[in-house]
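Once you've had a glance at the structure underneath, I'll fire off some questions.
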Amino acid sequence: MDKKNTRIPTLISMSEVARHNTRNDLWVVIKGKVYNLTSFYKQHPGGKSIILQYAGKDCTPQFEPFHPSNIIQRMLDPNLCLGDIDPSSVQPEHKAGTTTAATTATKAWVKPHLNQMLNVFDFESVAKHTLTKQGWSYYSSGADDEITLRDNHIAFQRIWLRPRVLVNVRHVDMATTLLGYPSNLPLYITATALGKLAHEDGELAIVRACGKKKLIYMLPTLSSYTLSDMLAAKGTHQIQFGQLYVNSDRQKTKEYIQELEQGGCKALFITVDAPQLGRREKDMRNKFTEQGANVQAEEDDEGAVDRSEGVARAISEFIDTSLCWEDLAWFKSVTTMKIILKGVATWEDVIMAYETGMVDGVVLSNHGGRQLDSARSGIEVLHEVVPHLNKRYVDWRSNFELYVDGGIRRGSDIFKAIAMGATAVGIGRPVLYSLGAYGQAGLERMLQLFADELTMVMRLMGTPTIQDITSNHVTATSLSLHTGSNVRDHLMLNTYEPLVTSSL
Amino acid sequence: MDKKNTRIPTLISMSEVARHNTRNDLWVVIKGKVYNLTSFYKQHPGGKSIILQYAGKDCTPQFEPFHPSNIIQRMLDPNLCLGDIDPSSVQPEHKAGTTTAATTATKAWVKPHLNQMLNVFDFESVAKHTLTKQGWSYYSSGADDEITLRDNHIAFQRIWLRPRVLVNVRHVDMATTLLGYPSNLPLYITATALGKLAHEDGELAIVRACGKKKLIYMLPTLSSYTLSDMLAAKGTHQIQFGQLYVNSDRQKTKEYIQELEQGGCKALFITVDAPQLGRREKDMRNKFTEQGANVQAEEDDEGAVDRSEGVARAISEFIDTSLCWEDLAWFKSVTTMKIILKGVATWEDVIMAYETGMVDGVVLSNHGGRQLDSARSGIEVLHEVVPHLNKRYVDWRSNFELYVDGGIRRGSDIFKAIAMGATAVGIGRPVLYSLGAYGQAGLERMLQLFADELTMVMRLMGTPTIQDITSNHVTATSLSLHTGSNVRDHLMLNTYEPLVTSSL
Amino acid sequence: MDKKNTRIPTLISMSEVARHNTRNDLWVVIKGKVYNLTSFYKQHPGGKSIILQYAGKDCTPQFEPFHPSNIIQRMLDPNLCLGDIDPSSVQPEHKAGTTTAATTATKAWVKPHLNQMLNVFDFESVAKHTLTKQGWSYYSSGADDEITLRDNHIAFQRIWLRPRVLVNVRHVDMATTLLGYPSNLPLYITATALGKLAHEDGELAIVRACGKKKLIYMLPTLSSYTLSDMLAAKGTHQIQFGQLYVNSDRQKTKEYIQELEQGGCKALFITVDAPQLGRREKDMRNKFTEQGANVQAEEDDEGAVDRSEGVARAISEFIDTSLCWEDLAWFKSVTTMKIILKGVATWEDVIMAYETGMVDGVVLSNHGGRQLDSARSGIEVLHEVVPHLNKRYVDWRSNFELYVDGGIRRGSDIFKAIAMGATAVGIGRPVLYSLGAYGQAGLERMLQLFADELTMVMRLMGTPTIQDITSNHVTATSLSLHTGSNVRDHLMLNTYEPLVTSSL
Amino acid sequence: MDKKNTRIPTLISMSEVARHNTRNDLWVVIKGKVYNLTSFYKQHPGGKSIILQYAGKDCTPQFEPFHPSNIIQRMLDPNLCLGDIDPSSVQPEHKAGTTTAATTATKAWVKPHLNQMLNVFDFESVAKHTLTKQGWSYYSSGADDEITLRDNHIAFQRIWLRPRVLVNVRHVDMATTLLGYPSNLPLYITATALGKLAHEDGELAIVRACGKKKLIYMLPTLSSYTLSDMLAAKGTHQIQFGQLYVNSDRQKTKEYIQELEQGGCKALFITVDAPQLGRREKDMRNKFTEQGANVQAEEDDEGAVDRSEGVARAISEFIDTSLCWEDLAWFKSVTTMKIILKGVATWEDVIMAYETGMVDGVVLSNHGGRQLDSARSGIEVLHEVVPHLNKRYVDWRSNFELYVDGGIRRGSDIFKAIAMGATAVGIGRPVLYSLGAYGQAGLERMLQLFADELTMVMRLMGTPTIQDITSNHVTATSLSLHTGSNVRDHLMLNTYEPLVTSSL
């Protein structure tokens, strides 16, 4: 809205809007305002086809999860706003459609009571029903054959526990510190994009739950709420970290970093495993294009998915593909926050990070199995990394910390990561699923389940405090064995036609 | 019942009882008596909600398996007994309901003849039909993802046999000694809780079957019958051992130990792997709360399961979470029975136990996969332990014995454990399943199947006596390989949505 | 029939026979004769209950596969023959029933043309339809959980081939010698019991097919035809070996050996892996009692299977459980045939056999997975044995040969065994299945498929003759890895109840 | 057609043709001409029965994919051509039938839009619907149990990636050289037989797509189009290689090689893994006989499949089974093209090839799993080969190249092969499937998917050029572990009858 439109605007009828539904005459309604996007749609950073499919419609629900609240003011010529829609004229058929992930199977489904959630998987299976198809596809998908996605979890089942008995475990204390900041548990909420796809309270609910549980949330760059919203929502003494996708426009990056620091964030987690976004076919199959997170696929005029080379190039405009070790000094020059590299996957890079002297830790991660399929799980990389650090640096733990994310679903998974040398683990999808299933209350219960399970595991392991947990409490000799037995190659199996005997 | 109620009580009508069915006015019928539990239910050690659901009802069948016969006298103010119920007034709808585990699938099911039981699995599959849902859920469940529960059995399939030929095996002799006491087979019945959930004769049937078969039974602390009942039921010369959950009230513990010793028990198996009870979700899912064994979950007022931190604390009131190595001297001071630690899971703890000089053996066990998921099977731990003992102590077998329980279902499983260094194995669930399916006769047949199978295995292995069995008769090089191939992650698989090709 | 009954007997009516159908008055019809077995049935070597169930009936079809043709004359008092049955009086209901293995599933089944048999598995899947339930159960079953049964085949899939290229393979020659005797292929037909259960021509068809294909047949002790029949059926120059179950009555054993030798048999394969017969539950489940092969289970009066200790003892009367190394000298004293031990399963016993100087070879075998479950496959044992022989004796191959049986289903399986050091492989079940499916023609085609496949494999491996095949042509480093991935524990899986999430 | 038939031929009616439908009077119609094949059919190189089944019919569609256009002129006596068919007389029932692979399941199937093809598997699943049953059976089948077929793909899943971070990957360059010739990607299209079975444009479409994408195609000997057609179809500067099946008539081989060289082919890939064609049972089961590729199975007069020894001999007439190392010098004497051995499978043979000094490289391949089942995947052989070359020859890469084919379905598979030492990979079935599903456009999209995926993988691996990729970027320690977990033994599993408990 700009100053010139000061007179009371005439309300525009939805039937009028609906007539402007072609590429050459393209109106849409967003949050009660009518916009003419005929000229804009081709420049839409999230892809032109996504707008074309909403031509002549009210697409507010589709718009909201992907755009911070101030995006229209920042991006759109005010003259393109034609006025207010007449709310009484909007019929259901005028709204762009969304469908839930499980419409065909939900007839008899009754949502269980929150108290029936007994483990972290329960939330995921409920979220499959409660999320939109869009949200479910986006969150649940992994890269390519989803081998890494699944091994992230399964890897923990190749690690076995060695419990010690006859230890006084009356008092179990799970408190620890992350980069020197206190946390009630050795876990943090990792950055995940587009929280509103899970729940309308999105990232704000996560901030609030973390405040209540005294846990640390790593604020995502690609959030549904603005950074200032997320910073404002935190409680007194609540600790926040910030995640960063580095923009090739370094000025924008600098501004974002400084907003984090001024907002009280204590550490900067620079994502280093996403110079290009991975191919998530489950998501692509569902014809969902990630707008906020930059598209990988763009629909062409005919509406079918296209993956031209141009798209790959387009992506490089948003995330800096040239980011490299030499850039670390620049980050040190613009912030005093601790710096952690998020997405390291080899001992060589951990050593390089340590040797720069500018990095306070790394997250061993494969981006939730969403980037590079066949990448090893964070926990497997941890198993490789620690001996190299121990061999080279007697006291590396005094100024360097290791984090792991990916596949953590049980208190015992957290225990295993700590035993193998991690300071804490990052939790991602379970946050979105519990939030999407039951809102903030769901998220809090999910975190409580982790706490309950870890309490029990620490008691049964004979390790009443985090400091008591050692590498001797696990056996991981089979961790790096990849016999393929858990690699369910669904694409191949769906295609392959088994041999039959003649009498069948 | 106390002395004051000496006059003949008026019979109370069930319709009267049924009116007192709220938390503020809560009557129940147990064994023909009417009790007012309005004030008591909140202090019920087994959880308040379990009583709430029986408000206004006759809950005798629910009460009995979980409580020794003298519990009411011991626990309840005699004034809370209001009198006798009028039996003629009790209609079916007044009884608290129980359902069998397999009601939906049992239409055509006909219970097989006992003689059709050809192996130990058969009893379990029958018991699935004959047990109550409560009993089945309680017995069959394991901790968390039940990975350890299943690996307990599967581990034996990673051990292969090396039979020797042309040995005279006309006479096979399976007799051996456990802690110096004779046993017809290298197996004993291990302690399991709440025998009445399987069969109304519960522990007494087990005592009698063991007497008949000349096998040793380890009497459980959490029995359905009283200790004195179990001690009284044994035959002349019958050997019994006793299992102990250590109470934080050491005086009670001492009394229990002394009752065992005075009752003729020869050895004390101190459970060291249960400072907190494990999470058994299959059981929790069935809304069953373990009353006798102390609840892990407690239903809140709305009837949905709750797992507040308070519960975890509550548990520590019953089992001593502070039990530690230093306490062993105290045990030696209160009993002359042999002392065995039940639930040891690492070679380090075996060495510690041996070095105390106060312990006569250990049971390598993970509590039937009911406590800590991802713990290794007892047989795998045995494989780790024996070389450490052999390396350190030339003659350790002269005063120290190793036992294994968990997953034993075949005569060949027993053979493997003996070959790898165990003195005998403990049998748990098969006892309950065979008892629950066919009563004492079922239990006896199950034990006979073990005997028949072991006879055959020893004959085919070329080892006519227990002493002939050596480590050379097995190959266990793959035992500690955990490639995950048998880890069926049911929770994950039920949730995960497979990839599909575009043409499906 | 004895001399006294010279007058023409009155024909006995079947309705008369049917009246004598109790244990105290028990008539049966066999091959047109009526017998009174009231006194005999308790001494029946195959178990009394098997006769009881045929009381008052014509059991000719049940009798024939288990008894050589001269058995009645040898065993039964002639007076017990009451006369001839009146054939016109025999109605279908008078005949003891047999059912085929797949009656419920065979409605639409059409037997494929023999030429459609493309591999060895095809015969098994046809035989499942064409065999009687009795025959299928007896042949297809393995011991206990059938883990060894299945690993026998699967083990070959852990061995991979290393084909050499650019070798002139115009002429492929598969001929070889076994113990110095020529064979067209490096395979022989191993002894299997009760050939008539597969086909009425039974062992005779096998003898004839071997004659035609110039292959060697190891005549079984527990044959359906008499030894003299089998010896008589062979062609000029046809080589035969003989298998021996050692009877505790050594005189009978001696007579049998001498009949073999006088019949021209060249080698004696002494079975050493069956001091007791294995438990084959699939067979027991089908209520089939192995009469000819001595029962393992015996039905009690109520008709339910019983496995009392008495049965185990009974078995020891037939097969000598005391057979041991010291007995070898005796065998050498009663025969000049070559002596091979059948059923050796460790390198230690191979070395012992070699060191006696009395043994010309061993068959590494687990009796087709029918004896000791968890025993390793013959091919895995071979992998263990050869290095031990090579290390100790430079020239062991000059007077000692290794054979393998179990699980061979492909030409490549034969190749692998040869490459790893076997002289030839034994084929068992495929013989019975191909015979049972198509008679002698089926058996011949099955053998031809092995020949065709082996020709192809030898050509593609670059090994035109048997002598060209070396250990370098295979890689077997994973052979002894038993990760359990192929151990489908059907009994456990049928019983175990998977975990579910709350929303299912 | 020969000179004598110069007068205008009378058109022959199809009903006339249909009368000549026996082995003694056998006419067929091919491409509008009527031929009398009564005398010829027995000499038909592709087997006599295949002609018998078309007696009296128009078999043009069956003829075309298997025969180059000039074959009739070259093979058939001109007098056997009886004249032209009257096109108006040909009714549908006169045409020899073909059926599609999935007729029973295709009712509701709608072919997806090309743009919905998101990965290489998608093309295969579409091709299953669009190919004829003949084509699908021929292409999709593998040898014997198809263990090697499946391991070719699965082997890549036992190799895991070690991505490096913070590398400038703005510009990704996938260009490389193969034997010194430029290629846009480190992949080539490998020779596959009978392209018209996929699409009527067959090999010509492949030539054109390669021209457009600047990739190299290895022209197959057993093509549907003539060699001159394939050579003529290429664009300026387009590079082609040639594949060779060596004929025992060396003159014919020489002519073929010289036609390749004169046609501009740069390298000769001599197939060394096919002295006999493998048994592909899926193909045989579908009663398809490979005519062009020489039959493995030949139908006898009754129409049932026969596999007599004669067939094996017949094959040796076409492909030279005596080809050996000594022949290499002859090849060098007839061509100046680079020489590569296609189908090498051991380090020993790679060393032999290198040591000859006459060979410029090898393709590590098992012929797409179509020849020798149990042969290892090319990628596994590569893992074995490279250390041997490195150990022996410091600079072997200067004059020797390694290629791998088999199972490549992802950009990450290509990456892994390069990392482990391959110069490039060969793509086979995906070419045929994408061509069969969507013609040349499908093939181009499939190649583009590989390019897109490889771009992404190289960016995420931190390797912007092919030269940056090293063995350090992968971990292949589990590659040679064959635990059998992925060996789905379909034939066995279809036959084996699982154990059941008594209560089922």
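Order as written gives the chain letters A, B, C and D; numbering starts at 1 within each chain.
In this section, a residue touches a chain if its C-beta (ideal position, glycine included) is under 8 Å from a C-beta of that chain, and two chains touch if they have at least 3 such contacts.
Computed from a predicted model, the values in this text were never measured in an experiment.
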Cα rotation angle, chain A onto chain D, in degrees to the nearest 5, is 90
Chain C-chain D contact: same residues or different, taking over half shared as same? different
Using mean CA coordinates as chain centres, what's the gap between chain C and chain D in Å? 44
Roughly how far is chain A from chain C, going centre to centre by Cα mean, in whole Å? 62
Multi-chain contacts only, two chains or more: what residues does chain A have there? 116, 118, 121, 124-125, 128, 145, 281, 285, 481, 483, 485, 491, 494-495, 501-502, 504
Would you tell me which residues of chain B are touching chain C in their complex? 113-116, 118-119, 121, 124-125, 128, 140, 145-146, 150, 153-154, 156-170, 281-282, 285, 409-410, 412, 416, 448-449, 451-453, 455-457, 459-461, 472, 475, 477-478, 481, 483, 485-486, 488, 490-491, 494-495
Interfacial residue positions of chain B with respect to chain A in the complex: 144-145, 147, 272-276, 278-279, 281, 284-285, 300, 302, 304-307, 309, 312, 316, 321-325, 327-328, 341, 343-346, 348-349, 352, 371-376, 480-485, 487, 489, 491-492, 494-502, 504
